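Next, two complexes with chain A in common: one pairs it with chain B, the other with chain C.
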Partner chain A sequence: MSIDMAQFHQVFFEESFEGLDAMESGLLNLDMGDVNVDEINTIFRAAHSIKGGSGTFGFTAVSDFTHVMETLLDEMRDGRRSVTQPAVNVLLGSVDCLREMLRAIQDGVEVDRHSVDLHKAALDNELNHASSPALLETSLPPPVVEADGADGQISGWSIAFSPHLHLLKTGNEPVRMFRELASLGDLRVRADLQGVPDLYDLDPEECHLSWKLELEGDVPLNEIDEIFDWVEDDCDLAKQPVFAARDAYAEPLPDDWKAESDVQAPAAASVAALPTMESKQPKKEEPKAAAKGSSSIRVDTGKIDTLINMVGELVITQSMLSLIGEHFELSKLDQLKNGLSQLERHTRELQESVMNIRMMPISFVFSRFPRLAHDISSKLGKKIELKLVGEHTEVDKTVVELLSDPLVHLVRNSLDHGIEMPEARLAAGKPETGTVTLEAYHRGGNIVIEVTDDGKGLDKEKLRAKAVEKGLIEPDAVLTDKQTYELIFMPGFSTAEKLTDISGRGVGMDVVRRNIQALGGNIEIISTLGKGSTISIHLPLTLAILDGQSVAVGDETYIVPLGSIIESLNIKEDRLNRVVGKGETFLLRGQYLPIIRMHEIFKVVSARHTKLTEGLLVVVEGQGVRCGLFVDDLLGQQQVVIKSLEANYRRVEGVSGATILGDGSVALILDIPGLVRLANQ
Partner chain B sequence: MATILAVDDSASMRQMVSFTLKGAGYVVVEAVDGVDALNKAKAQAFDCVVTDVNMPNKDGISLIKDLRALPNYKFTPMLMLTTESGMDKKQQGKDAGATGWIVKPFNPDQLLKTIKKVLG
Partner chain C sequence: MSTEAKSDIDAEQFLTFELAGEAYGIEILKVQEIRGWEPIRKIPNTPAYLKGALNLRGSIVPIVDLRERFSMELVDYTPTTVVIVLSIRTETAENSVMGIVADAVSDVLDIDPNEIKASPNLGAKINTRYIRGMYVGKGNMVMLLDVDKLLNPDEFMDIAALPFNPEAK
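And then the complex of A and B:
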């Protein structure tokens, strides 16, 4: 029977990566010198699973590597070895190496042998260092080779098998063993009934029989041993070779020598074969075909139960409605209305539960930071405590995946540039240990993620000087505090005086901001010199559904993201203004805001109003810039499902996507920052 | 056809065992750890149990011991899947009442051969 093992690879990789994450966080939680058995057990189990799986699925290099890790962990677990920082560091390095190996195998690329060898050497070094001699204890006992008196060709075996009374209670059934023996050669079985007690004394669950077995044929001893392997302690077993009598007298010396080696060879082979057979079993082939499967998601069963519940409700509502519809009279109108509103409610709830499936806890991103903090603080000699708050806050899977890199950058910055060295902190009257807090929470339809440190904060004067030096602003530019902090998001701006290998490689905050904006979010920084900084990221909870306000421009309907709308108003003539080079503006509470005429931007000829005082102005804000969108009318608010325009057509400036309305027509969803840019051109 | 309970905390191993056995015509029920397995074994009768040893909540050895103590599983073949081929593990398994073991890494053929052996 041949089974394509490749089909299990994807699951194996997924669970192995999860296991590695568990090992990593476990290792980071270990207290030095103190054996926390539970924690080590968890780490050990993860290593053990990876070893077992990789061996079975043919990734020999991985299982060999994990084996060494496991040995080290095992010694720690048994208390034969103390938990030291160097050992933990070596194990952490090995976790990384293992992750790389698995990733390489998954992608079908060559494993970096050099790196593997280095890590393995480090592990071996750690193992040999203060290792206990008990380690070398052999796992396999030397098998007893019964090859004496072999002075003829073996023609069969005579076996006396007397099971102990409890044999059946180990699930071993003599009949099955006999059947297997019979597959090796001709078998004759004689049962010995002598041990069977009187009916009164007979316990039917015990085995009172014994057997004499005659097996004919040139059967190697190890094959017989294998059959009785598991029961040898639960029975009396005697095996006698039966020789072909004719050969006994006519054998010259060389033959005798040959015969003996004949007998011994299979037995000896079986000794050597046992361990090597196991290591040879995994297929050598490199799994090139292990192409990346379609991305999958793990869903809490609770969420699926909710979903099924909702569908159940929906079905009930539907059958209720069809019952009303069958013999409809006007008197049933109230029932119908009730039913329809129920249907609406259930549909919305169903939609929410379906969206919920895509939500994952932000801890998927947060979990990598303890390691980062550990590595960076030990590298820089800083004392840092990392606090994670709100890890269970849920956010769309895509957001989680794309958030990871920007967040790493921000946390690195805080650890590297924000938190001061212990001496500097003490001198500034702060506790020696710096704190970096990663917090996530929901606010409105957004998720907010904040990275806060109690480090030295941003120096406005320095920022300004730097920006002038780099030619990013004019020396006499007037900037508000907010604008000054915003400088660090400008391309080509780096605050570290010296570049370190931890952060500050030139590409920086501008890339972070671009990534966050690409997700439809924004990023802000608040800082107090000497006290620390807080960077907050606001992101939409999901990228697939949006709360929108539909507006009419002529025959066209557009969707404005509700989150970006400040207010909508009629304009009075005296508030309007024309500024040379900036187009039309209007005065709103002492602020002049530019006006974007939607019918001009999108060339809608059917627009009902072209006079500003007749239509409506929707005041929107995108990336800190406010402006007024001139539209014919407001239609209604609704949740819309975003369909990508790029995937189906191409990118259009000022439009972030499209959606299908209740009446089947298509409406474009406005991209406010893009629209502002477009209007300025 | 015989019904087999396959217990392993690793999803890939569980799938592999289950797929192999189903392919050979057995009916397979999966369990993710010892506690899950024990509950399933109490709710339904199995002709054979194949269990991983190193698992959270309840390990395979303890599972076998608990199952053996149940009247329905006195004589049921129970196999353990283990990476440790040492005599200690074997003795532990025997003491708990295991019928045999399959040492990892193993391939589907080895698994089937052993299952056939204990199920006859």
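And then the complex of A and C:
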């Protein structure tokens, strides 16, 4: 009957981290001095769940720590303490500390005792400070206690515990709780069998028993409360302190004790028989993979319902088709065509909704920025308002994960370098508070994320001077505005006059750009001196599907990502240039494009055209390099599902993956930068 | 297909197939499925014996021609030409799927591991790393292959990594 608690750890951690995020955003939303009970309640609830959960799993360090936070929050909730900036800062620090503790436990490493003690001391300091009443245990409300607490001479507790019928279904186990109680002191348990119905009416999953418990010893009430923490809402609970003289339940008969344990065994067994019911915490929870290490994803139940509906329809279509196929006559041809088109529609819908599961709102990334803005503005003494727009825009999970670091960098840059100090802003005739806007929206098949600030903007002259100084460009180079702004993406370029610990080490923007490009996107910057700048990131919606142009080279079909194609054209002899031993170039609007002959580089013997003027040139751009791919023919544009070649083989230079065409055959997807590398070898 | 009536508890089952008249065997547990030959897509700049990639219910499976791999005389693919799809295990990939082209599959043999003879030492020049052993039964000899080693993509790399010469026609 022992449950391996470890299997629920992952769920606990995930929930706790979510709880911490909720606490953090709640804390940041608090208005100083004004008690918003709803907000504080949200924070309190999150803290309480973490405390309860960690207590259940035996992470006492965490639960003790949370308990102190809870006390502080409780006082704020009751209005006994005003919400002050220092208090909020201490709480924010504790949230970070808790997060680190949980991470440490999750990774199985030693918790940093020193930092925990430091934060705990800060909390205690805050608690004892100012308006706090003397009693620390105020978070535990029953009035009885306060009265008795004053008396102090408690010899034990008598507890009447009548669970509601559904207690077992919430995964709570009375026996476990009693065992815990027994560890606190001498425990006697008496079961009340009156509520148990006839065997024929008995639903083994319901709890019909109630108990009278007697605990001897001077046990603090909060320890008892902790045990009943999870079941508070699922039972009627009455706790009476017992003083030296004993009351009604004083002498339970040994027989009763026996009877109790006999009755209890089947109740416990019924829980054991239902492993899926076990240990579900009494709160709504979506089913999740608990396996450690595997990444999980929270999916809106609505999405799953759609999926199930769709599969249902698919099954219906399938049975219809097989009926037609069983006794096929030519007269049923129309029916067959109908069925097939239905099948096609359902499959497409199904595919779309499956892809949709991987989509998650970008708020997963955005949610961390209010904290960042709060920290940086208080550190630098700036006044900053952070606006989030379009947080519900959905993006592929992988994109969300890989996007967060580059975005942090960009937002940090805007906060640190973009927004000026309040005095400078006032002097420039701008409002004292700077605004940084984070916006996400869909455009075409892309998602666009923009970081806009109304700060000082980029100084083109300064950028230029800096680039010349660093030797990145020639002093007499002619640059367009766009090219000038792009300088900040070059490695080793930093515009800040002084380096701060927040940003400005010059290792940032080029990494940001590389990360975004690795996701198949691009990054652009628009700026007006004195008015502010906007950095926009364009990303494909999903990484698993790509808009492609299929091209033919002999018998082979390749897919060129549509995003990297600039144009396709016929080759005119007079625009060709042959450099001896160095290959061929094509003159296009004043630019010499190197030509990559696909049939040569991929050794396609069946190529129809080997004379350049007979085939087509597809002008492509990849990582800033332009070149022309010489192919036989263009076939068509289509969306393709990217399949990995590496799954069963290994990387092939010049090929980023494979896909399956409509006729079931395989086509390779070209990797433009890889092709350029291959051609240069 | 007839199965040899030898059901030792310890016996291992091997699928045997034909290649230029010789019999070869592979552990049957490695075999995922057997399919007829169908045209496949070439993968550029890979060794010649890697015939290309096949769409196997949505995953891309590389196909190796064993005749070419063993430097045997090449033949045209016929209706009896089969592709044996194998699931292999390497240090780098836990489970990858590859196919081999064989002339025909012939039989499933129960072989007692004790009856597997070590592959003959053919001198340092001939690589017998891919051979697990030999089995002599009912008059014919079966060469048992170690497909994990034979189809390890990293082994291909040595050949694929040969300098590419763009001047070559």
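Worth pointing out:
Assume the second predicted complex is superposed on the first by the 456 of 681 C-alpha atoms of A that agree within 3 Å, B and C clash if a C-alpha of one lies under 4 Å from a C-alpha of the other, contacts with A are read in each partner's own complex, and residues count from 1 in each chain.
FYI, contacts are C-beta pairs under 8 Å (C-beta built on N, C-alpha and C of every residue); 3 or more make two chains touch, one makes a residue touch a chain.
Keep in mind the model is a prediction, meaning the values are calculated, not measured.
In the superposed model, A:679 makes contact with chain C only, not with chain B.
When the two structures are aligned on the shared chain, A:161 is found in touch with neither chain B nor chain C.
When the two structures are aligned on the shared chain, A:658 is found in touch with chain C, with no touch to chain B. By the document's definition of touching, of the two partners only chain B reaches A:171; chain C does not. When the two structures are aligned on the shared chain, A:630 is found in touch with neither chain B nor chain C. Touch criterion met: A:556 reaches chain C, while chain B stays clear of it. The partner of chain A that touches more of its residues, comparing chain B with chain C, is B.
By the document's definition of touching, of the two partners only chain C reaches A:647; chain B does not.
Residue overlap on chain A between its contacts with chain B in one complex and with chain C in the other: absent.
Contact residues on chain A toward chain B in their complex (touch as defined above): 1-3, 5, 7-9, 11-12, 14-15, 42, 45, 48-49, 51-53, 55-58, 63, 139-141, 168-173, 175-176, 179-180, 205, 229-230, 233-234, 278, 281-282.
Taken together, the chain C residues at the contact with chain A in this complex read 39-46, 52-55, 58-62, 93, 96-98, 153-154, 156-157, 163-164, 166. Residues of chain B that touch chain A in their complex: 9-13, 15-16, 19-20, 23-24, 52, 54-56, 68, 74-78, 81, 83-87, 94, 97-101, 103-110, 112, 117-120.
Within the complex formed with chain C, the chain A residues making contact are 556-557, 583, 600-604, 643-645, 647-650, 652-655, 658, 660, 664-668, 678-679, 681.
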